[in-house]
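Labels run A, B, C, D, E, F, G and H following the written order; every chain starts at residue 1.
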Amino acid sequence: MADGRLSPQQALEKLRWQPVEYISDFARLDHHRPLRQSMPEFVYGEGKSPVQVAAIMSAMAERTGSALATRITEAHADAARAVLPETIHNPVARTLSVNGFPKAEIGKVLVIAAGTSDLPVAEESAEVLRFLGNSTRTLYDVGVAGIHRLLEHANYLQESDVLIVVAGMEGALPSVVGGLVESPVIAVPTSVGYGASFQGLAALLGMLNSCATGLTVVNIDNGLGAATAAHRLLTRMRKAVGNLAAPAAAEEAVAR
Amino acid sequence: MADGRLSPQQALEKLRWQPVEYISDFARLDHHRPLRQSMPEFVYGEGKSPVQVAAIMSAMAERTGSALATRITEAHADAARAVLPETIHNPVARTLSVNGFPKAEIGKVLVIAAGTSDLPVAEESAEVLRFLGNSTRTLYDVGVAGIHRLLEHANYLQESDVLIVVAGMEGALPSVVGGLVESPVIAVPTSVGYGASFQGLAALLGMLNSCATGLTVVNIDNGLGAATAAHRLLTRMRKAVGNLAAPAAAEEAVAR
Amino acid sequence: MADGRLSPQQALEKLRWQPVEYISDFARLDHHRPLRQSMPEFVYGEGKSPVQVAAIMSAMAERTGSALATRITEAHADAARAVLPETIHNPVARTLSVNGFPKAEIGKVLVIAAGTSDLPVAEESAEVLRFLGNSTRTLYDVGVAGIHRLLEHANYLQESDVLIVVAGMEGALPSVVGGLVESPVIAVPTSVGYGASFQGLAALLGMLNSCATGLTVVNIDNGLGAATAAHRLLTRMRKAVGNLAAPAAAEEAVAR
Amino acid sequence: MADGRLSPQQALEKLRWQPVEYISDFARLDHHRPLRQSMPEFVYGEGKSPVQVAAIMSAMAERTGSALATRITEAHADAARAVLPETIHNPVARTLSVNGFPKAEIGKVLVIAAGTSDLPVAEESAEVLRFLGNSTRTLYDVGVAGIHRLLEHANYLQESDVLIVVAGMEGALPSVVGGLVESPVIAVPTSVGYGASFQGLAALLGMLNSCATGLTVVNIDNGLGAATAAHRLLTRMRKAVGNLAAPAAAEEAVAR
Amino acid sequence: MADGRLSPQQALEKLRWQPVEYISDFARLDHHRPLRQSMPEFVYGEGKSPVQVAAIMSAMAERTGSALATRITEAHADAARAVLPETIHNPVARTLSVNGFPKAEIGKVLVIAAGTSDLPVAEESAEVLRFLGNSTRTLYDVGVAGIHRLLEHANYLQESDVLIVVAGMEGALPSVVGGLVESPVIAVPTSVGYGASFQGLAALLGMLNSCATGLTVVNIDNGLGAATAAHRLLTRMRKAVGNLAAPAAAEEAVAR
Amino acid sequence: MADGRLSPQQALEKLRWQPVEYISDFARLDHHRPLRQSMPEFVYGEGKSPVQVAAIMSAMAERTGSALATRITEAHADAARAVLPETIHNPVARTLSVNGFPKAEIGKVLVIAAGTSDLPVAEESAEVLRFLGNSTRTLYDVGVAGIHRLLEHANYLQESDVLIVVAGMEGALPSVVGGLVESPVIAVPTSVGYGASFQGLAALLGMLNSCATGLTVVNIDNGLGAATAAHRLLTRMRKAVGNLAAPAAAEEAVAR
Amino acid sequence: MADGRLSPQQALEKLRWQPVEYISDFARLDHHRPLRQSMPEFVYGEGKSPVQVAAIMSAMAERTGSALATRITEAHADAARAVLPETIHNPVARTLSVNGFPKAEIGKVLVIAAGTSDLPVAEESAEVLRFLGNSTRTLYDVGVAGIHRLLEHANYLQESDVLIVVAGMEGALPSVVGGLVESPVIAVPTSVGYGASFQGLAALLGMLNSCATGLTVVNIDNGLGAATAAHRLLTRMRKAVGNLAAPAAAEEAVAR
Amino acid sequence: MADGRLSPQQALEKLRWQPVEYISDFARLDHHRPLRQSMPEFVYGEGKSPVQVAAIMSAMAERTGSALATRITEAHADAARAVLPETIHNPVARTLSVNGFPKAEIGKVLVIAAGTSDLPVAEESAEVLRFLGNSTRTLYDVGVAGIHRLLEHANYLQESDVLIVVAGMEGALPSVVGGLVESPVIAVPTSVGYGASFQGLAALLGMLNSCATGLTVVNIDNGLGAATAAHRLLTRMRKAVGNLAAPAAAEEAVAR
């Protein structure tokens, strides 16, 4: 969908056709969602114009106090900073964020990436997790063809409450990690590879068929999905801990 | 792989060819695994003869005190009960179990199934979770084409710490559930369906592409995998709770 | 197919090779079709040059009194307006229309879209339906992960004679809608999604395997096809109503 | 899923494991459905034992007065007739029915099949339509390689309010039919064919890509789905006709 | 494969790496081939630079007296005409030809195309056939959804010795044609279509599964392949006719 | 489709449901077809009961003087010989034939098979060709990995008017043959192979992508289709020869 | 392909149809092959009757002194031993062998298998290698989810001249092995796994996309292919060693 | 992944986000690898900026004395030569190399390519092999449709210790080569072809299903992978030869 829409001479005509619900705020914001799911909606930048992304982020920041966009380009970043100067841009993760959540004290995530080409997806996961207030560590460039690199960091692996493992090509890293830890492992296939990788299909199938039991998988390149899956888990873990220590307060925290 | 191996007249010859590691115990048992992963190895019945399944279960039960087999038939059950009379057979789940783990007090799982044909996979999940000592509830026959059935049970959904959602055909149920709860949701596609369901591929793709953020997916019909993923999560949650209450004891509990 | 064809210096040569039937009117117009199918041929803009689209629309408008083109760009719109100033351009739907059909009094269509990215396809359906004179309402941004948004509009759903449901990603919305209404539901998968959505294949398979009985499906992104399917249905319904009230007049109306 | 479940010696044990909701009636019957959708639930015989099918049909017939099962075998038929002697068995369609709906006066369906191997699917459609009270004609063995056979019946085609076109192999028949009529056409691909037909995939893709605009498609071999799609349409058409003639009575009819 | 190869400053270096056989004539020309197969090698333009195409055509024309290139662009045409002014360019077929073969008196081909978008492939076939000296007629825009257009030309169809039928989308036209004639029918699927046409896969599968017996199929968009298949057939037919009339001369003709 | 249809106790009931056109002759015979296509309809045995095959063959033989069935089993053969003692059974080709056509003097076919497992498909082709009166030779077990076996028979190859090349696995044989002859080559992929041959898909794709220009391809295992394609070609060649020698008689021959 | 061919009453008829080359020896034996490739042809048992396998093995053993068959069943073994009592049967590998080659002194192969279900394929490789005289070791049940099992055997890995790594499911083991050794690694995907393993496709794609450089892959379950690939390599290595030590003798050895 | 990263005004911000391990050297270099695998890591140019490639090559050249990059463009070459003037650029192979390894005396490789479009992949293999010090010959443009071209070079084929065979389209060349030599054959499918070649899938499947036993396959277009597979083999062969002649020195050579 190319963006010829903004040429001035057709602006009036286009307005006439823009469906009513769509014009006012580009996308209906679901303000009850944080209550229900302990996290906000995110802005998916791909296919949206810089102006649209900036406007939606402004609307979200105004109403909820914070905002996060993924799959953005430099042009989106420029547009967003023009209206929200406090916007932070992570160019590797391709994210924009405004005013992340307060840092939680409980729950550690480790994001592991097999190769340097998997970094954008891994950083997308890490950035979303940090924005949502989770203690997040990263461990990059530890592919299975050099297994000693991974084994050096066994203690990092074992002390994490949830691990996100990002890999393209054959997607074997989650199986190895899954055999080393007792914590939940979320596997993210990436579209890295060529020839018969079929844009990440090889890695996706590899992860779904892992011989390490209890792995779960998200869509190809879906760093955001892995992060929110981990956040669902950590939120529930914090609630469990809070339930014992001080149940009422915990309920309040979730509704904040 | 047909089982002509057991006909008496060729037994001697076969022994000669059986690789050494394979003969003594059919499969090397990994006795350090419970320490590392808080759960034992499971016996996968498909492709193994009744005699093999019974022998492996005996070996496991003798050394570790308990055993669980999945994808078993009536014939496997008969063979196992002949050597281990205390074996419990769940014919819907197609499991055999001996001496499940003590029930944990913290952490609730809910297993949801869309249609009656998804029951064997859902029950496999539920049975593995019960064996591992988790508090497990089930909610069956709540497909998206009759969405009111699901909504009646919203409170069950919201009080669960992790939800396993099993569905074939278009695999849409996890998306709806994922929009109703803040807890982790593990989606299990089943091979139920016909025509262009392609043995569960339609459901698998549907779940991977869910519009509800933070869902994770396991392989087609992999009830065991969903259960162990949920168990990884609950184990870690219990550890977190224990860490606050009495850290040293918790460590001990994991190493038990 | 790039359009280098229009460079002046090779025009003569090209004419020599243009097959005879093709030159005079770019595509043979089937003037008997409105009689047979109660709707005209449509101009499919993709792969045609602005000059071709404008010329075909002119020819159609001159002979039949009206014309509609789909999958057009701003450049097509400019070229068409230069020769047919009364051309109306809907930039979201990517359509051009000249002199739509008179509005029918019987039969209501509802076009539903799951997400904002599905709008171009949904608007293509709506625009074609309006052009053909059908009473057309739209309901957008009601995905299954926020099922309450859809349920708020249950009355809209139930009073419609046919529903077109447009969705990408997992394509689950038609199943939910199909469970809420007795009217025909036409599902349109869109190529919205990433990773393992495989350009709409996931949504297509999901819709074909819907657990809601009696859904039908059209090709990926085929908003036009869904609209004409709904129009076939409404035309026949009007004929049935007319047959009772005043059969002869109804026949006349179809032949107009 | 083999049915070893019924061997007498394990009946007690199985009961212990059968989930509560499942035992009493094998599948929860949705008694509000006829009100909402003007048709009952159908029993899908594949994967169910003869005893299960007979029991579910009895339960449905007792509560709603009628019942229909699809994809049944001779064994299912025998079991059903043992408990419901009035059961009618159509062995070509592989259906069982008890006490069909009263015949409607308005609305004609035509079921067309390309080859003799497509008959089971076409008859499934026809049988479901007859059960639901629709005026149903059939036209068989009219493949596109002998196009004159089809053209001989042009008047049948044009006077039908909805056409179901069943074809395997290349699935081209719906395109030809769609070009000859103005009424809605529902295409049903069948798994008939060999080699690169890939169990109906070739026919499915052919139908989705039809050059005849306004066709809709259901899943491979899904005769039931095509019939219920046609029934949704005819029900709405009857309602429209009734609305003009006597609106209040029509509403009543639907709620009956 | 971008063509940065021609920038002057790296020319010397590149030569050093160019494999010896490749430099002198870009591709080894097989001069014995006309003797063996009654047709020359063709130049496939895609992926070759304008300079390469021009050079290879010159070499072929010089040694064999004629040359033909397919899949060429305007830039290729300009380069070829600069060195071979007698080059004829068919921009619809995307071919360049120099000095076609003498026209044969026996054997008629008919090239049929379903839609206007199939023209480039159909014209490629027609142009190659004309170049090789075959009597070639064309019949365009006769899709199956308007079957009467095709039937009007039944006599053209029946008097042709071989028919090439080009179609995209569902690829049904060859089946209809195959049922109308006794001559060989070569089906060419095109990549025309969208959504689930999968770049011609739907049409390819449709043609392979045709219910009209004795159709053969070539690769997607392979107009050249269909033409040379038809030419193989006509050459042999001419040989057969010649064998009866004057065998010795016929042999000579083939060796010319 | 299992054949429980013939059990005596349900015969009456079934008759009631059998569609009228279907009962009398199982499949409508198209008696004008020999005139139009110079060959009869064939009986496809797969999925038909022995009784059905025997009855259809009798009907065909009675009305047209001859009959041929493919994909038959021993049981079909027994049933056919019981009613038509002159039936000839080729168990390798899996064909039944009654009273083949008179042998034509012009036109030679060569059927080549790569491996011994390709024989059933190759023999199906050869048997159909012989039945239709064509001079047919075979050359078997000449795979590309032992290319010298093929080259020994170069003269056979070159004197044939059309070649059918049957191969499974990688399907490379037609490319090599196509490079050695000027005659038409029809490639038949077989489902022979294992692992990633995907039931003949590898061979099919290989043949469609052949580097030898002018090959055509039929469906996987479609020996019948290759034979009828060759017969279309030879019929037309004979007509061409006849047209020169004695046109009127040739027309007569075709109309016989 | 069922084997009804052997019923006595049709034997004469069948002979009449059996192609001449096929009868005498079922498959042409290529007696020059050992000279050219240092290994004999193997008998592929699948799809051949016990009588055929026994006859071919006898013919081979008589002419070349030895024979090996793969993919055989107990029935094949019984038939072979009846005519060749010295036949050795490895039931895990599903092989029959007669008189293996003398053991070579140079070159070590290691066959590694990930899981116990991969054993039949791994043993097929090992058995073929032993038959051809290669020094062959095996290492089984060393999957990547328990990576320490593999690392314990690092010295075995490093002293092998070529490694065959057999794995199903995600197929990750070859990547890990490939990162630990400098020797050639041949990866064999197996069809072990369920759900989205798609009969070994997941493992195949994983291996083709390995991040360990310099792995090569054979077809799914193709233990024989991996073994002969390794043998080609070792034969050449022995030749190289022999060339230095005593060139003339080495040439002789190869021609033996 | 577009490279907007280098625009000066965002450099500081980006640094803040660049993960620590990634900044210092773009990718962790594994300095122990040459010892373990007798070859260095290679730089994969695709997706890396010219500055990144130049920096990594400099780092490698400084520490290990040599460096090689694949999949590079002219821009990469310019950047590399600016910092490493001794860089050699092979524009056909798309490689950059600095200071290749000393030439080994033992072991000959032959790289064969089917068509001129396969040259970039074949030259990538050849260039990597030359860089690693192997004696490398090439034989190009010898496709199977002109089999005599290949047979002329039979002696080249037979004296090579390992053959890399590169082919697109149907990928048949490796089967023919594999039948002519006893040495190892590594098949490389290329993405050359159109229509149903599916970007090299047809060639890949063809090669995996080769009827020539003992072929191995690498990923589509993976010239580098084929070269390193051949190098693994030749290294081991040299070690074997050295072991006999002078074991200690050989060990030293490998560790150099």
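Convention: contacts are C-beta pairs under 8 Å (C-beta built on N, C-alpha and C of every residue); 3 or more make two chains touch, one makes a residue touch a chain.
The structure presented is a predicted model; accordingly, all values stated were derived computationally and were not measured.
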Shared chain contacts [chain E and chain H, defined touch]: F
Label of the chain whose CA centroid is most distant from the centroid of chain B: E
Chain whose average C-alpha position is farthest from chain A's own: F
Turning angle required so that chain F lies on chain G, C-alpha fit (0 to 180°, nearest 5): 90
CA centroid of chain C to CA centroid of chain D, Å: 28
Computed distance of Cα centres, chain F from chain A, in Å: 58
Inter-centroid spacing, chain H versus chain A (mean Cα positions, whole Å): 36
Chain centre separation (chain C, chain F; CA means) in Å: 44
Junction residues of chain F, two or more chains touched: 146, 180, 195-197, 201, 204, 208-209, 213, 219-220
Touch relationships between chains, expressed as pairs: A-B, A-C, A-G, A-H, B-C, B-D, B-G, C-D, C-E, D-E, D-F, E-F, E-H, F-G, F-H, G-H
In the complex with chain E, residue positions of chain C that touch it: 1-2, 4-5, 7, 10, 13-14, 17-19, 21-22, 26-28, 30, 33, 46-47, 189, 191, 200-201, 204, 219-222
Sites on chain F touched by chain H in the complex: 114-115, 143-147, 151, 169-172, 175-176, 178-180, 193, 195-198, 201-203, 205-213
Residues of chain E touching chain F in the complex: 36-39, 42, 106-107, 161-162, 180-186, 204, 208-209, 213-220, 224-226, 228-229, 231-233, 235-237, 240-241, 244-245, 254
Chain D - residues contacting chain F, complex: 73-74, 89-93, 116-117, 119-120, 123, 138, 140-141, 146, 149, 194-197
